[in-house]
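Both complexes shown next keep chain A, but they swap its partner, so chain B is in the first and chain C is in the second.
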Partner chain A sequence: MDKNQILEEVQEIFRDVLDNEDIVLANETVADDIEEWDSLTHIQLIVAIEKHFKVKFTSKEILSWKNVGEMIDSISTK
Partner chain B sequence: MNSFKELKRNLKKDSSSLPEIKLSIVGDTSTQFLSTAIQGEAIERGYRLDVFEAEYNQVERQFLDPTSELYDFGADFIVIFQSTHKLGEHHSMLTTEQQASLADDRTGFLAAVCENPALAGKKIIYFNYPEIEDTVFGSYANKVESSFTFQVRKLNYELMRLSQQFQNLFICDIAGLQNKLGRDVMFAANVYTSTEMILSMDALPYVASRVMDIVCAVKGQFKKCLILDLDNTVWGGVIGDDGLEGIQLGHGLGIGKAFTEFQMWVKKLKQRGIIICVASKNNEETAKEPFEKHPDMVLKLDDIAVFQANWETKVDNIRTIQSILNIGFDSMVFLDDNPFERNMVRENIKGITVPELPEDPAEYLEYLYSLNLFETASYSNLDKDRTKQYQVEAQRVSLSKTFTNEADFLKSLNMVSVVSGFTKFNTPRVAQLSQRSNQFNLRTVRYTDADIEALANDPNVIDLSFTLEDKFGDNGLIAVIIMKPLDRETLFVDTWFMSCRVLKRGMENFTLNTMVEKAKAAGYKKIVGEYLPTAKNKMVEHHFPDLGFKKIEGTETDLYELEVDNYIPRECYIDKDFID
Partner chain C sequence: MDLSIFDREYHHQFEVTPAVYNAFQQCSGDFNPLHTQEEFAKSKGFNECVMYGNILNGFVSYFVGMLLPTQDVIIHSQDIAYKNPVFMNDKLDFTAKVEDISEAVQAVIFKFAFRNESGKVVAKGHVQIGVL
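Here is the complex of A and B:
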């Protein structure tokens, strides 16, 4: 699956989990850019993304992403 | 089951009109999500939680420090979640000798919490320990007392013993939940490692639901009655078409085993005190035939409190059952294999629980287990007789129709009531009734066994319990009065509740006569009663004025008073049998 497609689907998941239809993601987006994205909702997002793409992230990945782009890189290599 | 996301969304809703419960959560791992899930589930059940969540890993400090936030907050319920993971960490740092007493150390700590006078009257909800098979010894761990497997299992067993000892301790059986969901669903290693969160997102709604099952049961919200469809629910096939030999039951024919095991489960519920009823579209005679003649029927006619088999709708039949049992629809569960009937009942009867039974009867039981429908906060041996009592009630209803004069009917019942204070024999039943009574309950104060014991020992409190027996049988303990002095001349009716089984028998008059006698004997001049409205007790809205109490004007709640000196005993046809 190409990364743009993944980004689009991840964006949908963000909107759903964070209950905010206005969220627009880019590769550079970081947690500070989105009000509802904190350490707690991060876990909700991860679990929702894991389910959606039927992948499992390593705990190292969960802690290491600096932005959305790196998250999408992880998904695309699974 | 709601998802975590849905539960979280509930918190955004306006819940300000819901009754509030104060609840504290202390845990040795991160409990923020658990707290969110429990609050969301509470709203599903019609409560708003005011939550204190301790900083994580402060379990001991919060309990040992008398000035801690936990004591300061003063919650009604305290949820304690000590995880198997942290227990394992602790286990790994001990000598072999110390390891062998790990379970005892933990139960020792919990016993001290339960005995702590500062927590008297609080309900402790303690999570038991889902097992982690560390395979250090393999299966041989069963032989080694110091092994982690041995200690965890011992601890779970000892927690059961402890909860028998302390009435304020309720075990939330998340070990059982893990048996059902599986460890790989219950726990996500990657999430735990990066966050200290023990329960997976998928497990949280189940755990929250189990916690609220206990809270609701303590609050008097629980299921009392199971109503069954017959064809393809209790047996395989259609009795009217397939006949007695053609229905599937037992180990012989088709999938009969599924229905037999389902019936065994229902029978155990009946023995526990759940009222079992039948609502079936059938001729009564045809519907009863398997109960009377089929050798593989586990359920017998004796097990069924009300049997409604006719061609009326299920909705009408369930309403008839309700009018005989006199319990709320929200305490009823209806099981039917037919989605059409289920929807019809769901849409027309507010509050009733109608599980979405799986299509394959083989799956019925495992599905029903997952719902934990019949949580309870008390259990007494008397529960077992409940079916009999309702069958007798049906007979009473038919006798009353033969009398035109109500007084003649009441006289013909030869009623006797035993009046007694609270004793160690009736305490469990008094506490249980205080939790179960919703309709005929003036102030709806819930008491546990421990509370009742304390009241019994308080010399200032006038505590009365009433039984009622008539020629059809003994209803057992059916009414309770707790009166507390307001001042030297005035008694306040803290509690007056009665089982709806004995409505319209003059029991209210009998109870008041007894209350006035007691008040006079103790030198009081006045009895003051209060009505606190709830969603369910409208029935007793005019209770005090109906009994001759005068309304006290200008008070915030509905208060009424009665002068005891001018009181003329009210007419009733119940003989008294006093025990002091």
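Here is the complex of A and C:
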């Protein structure tokens, strides 16, 4: 799947899970850029992304992500 | 933790006793006549007072806190849909099984259902737990 399309779909998941329709994701986006993105909502985001894309991550993989772009890279390689 | 320890079917029988009903009423402060006045409940088409649906959420709490193979758990989210009414002294068969596991964030989603003595589903839903 095209990375731009993955980014769009991930953005929709963020908007839904974090209840904020104004969220706009870019590859450079990090948790500090989004007020609602905390440790608990992070869990909900990962669970929702795994379900949506039918993929599974490892905890090591998640910890290695420095921004949304690296998350998208990870999804695109699965 | 290896989350495969959760992966089995769970069964438990709950009963909506007067003690459970009274405790929930005191806890919630909900005295809606559907739950407290038989005549009102009859006027709405029920044979007797309908039990509080959220009593079943209390039973889900018991499942998470007391029936899982470890106590190192916390509820992340829960949803429930009510399909049929529950009445006083109904015995409910509760079943649950794992629907999804996220090892990465140590989360487990269970799908659960409550059935009455006639075998009818009275409520079903999901509960997502995290391992502490």
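By definition in this document, the second predicted complex is superposed on the first by the 78 of 78 C-alpha atoms of A that agree within 3 Å, B and C clash if a C-alpha of one lies under 4 Å from a C-alpha of the other, contacts with A are read in each partner's own complex, and residues count from 1 in each chain.
Basically, a residue touches a chain if its C-beta (ideal position, glycine included) is under 8 Å from a C-beta of that chain, and two chains touch if they have at least 3 such contacts.
Every value quoted in this text rests on a predicted model; they were computed, and no experiment measured them.
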Touched partner set for A:V17, first chain B, second chain C, both or neither: first
Partner chain in contact with A:F57 - chain B first, chain C second, else both or neither: both
Which of chain B and chain C A:A31 touches, first, second, both or neither: neither
Shared contact residues on chain A - chain B and chain C: 40, 43-44, 46-47, 56-59, 62
Chain A-facing residues of chain B, complex: 4-5, 9, 12, 32-33, 188-191, 193-195, 197, 200-202
Chain A residues touching chain B - in the complex, by the definition given at the top: 16-17, 19, 39-40, 43-44, 46-48, 56-59, 62-63
Residue ranges of chain A in contact with chain C within the complex: 40, 42-44, 46-47, 50-51, 56-59, 61-62
For the chain C and chain A complex, residues of the former touching the latter: 76-77, 100, 102-107, 109, 128, 130
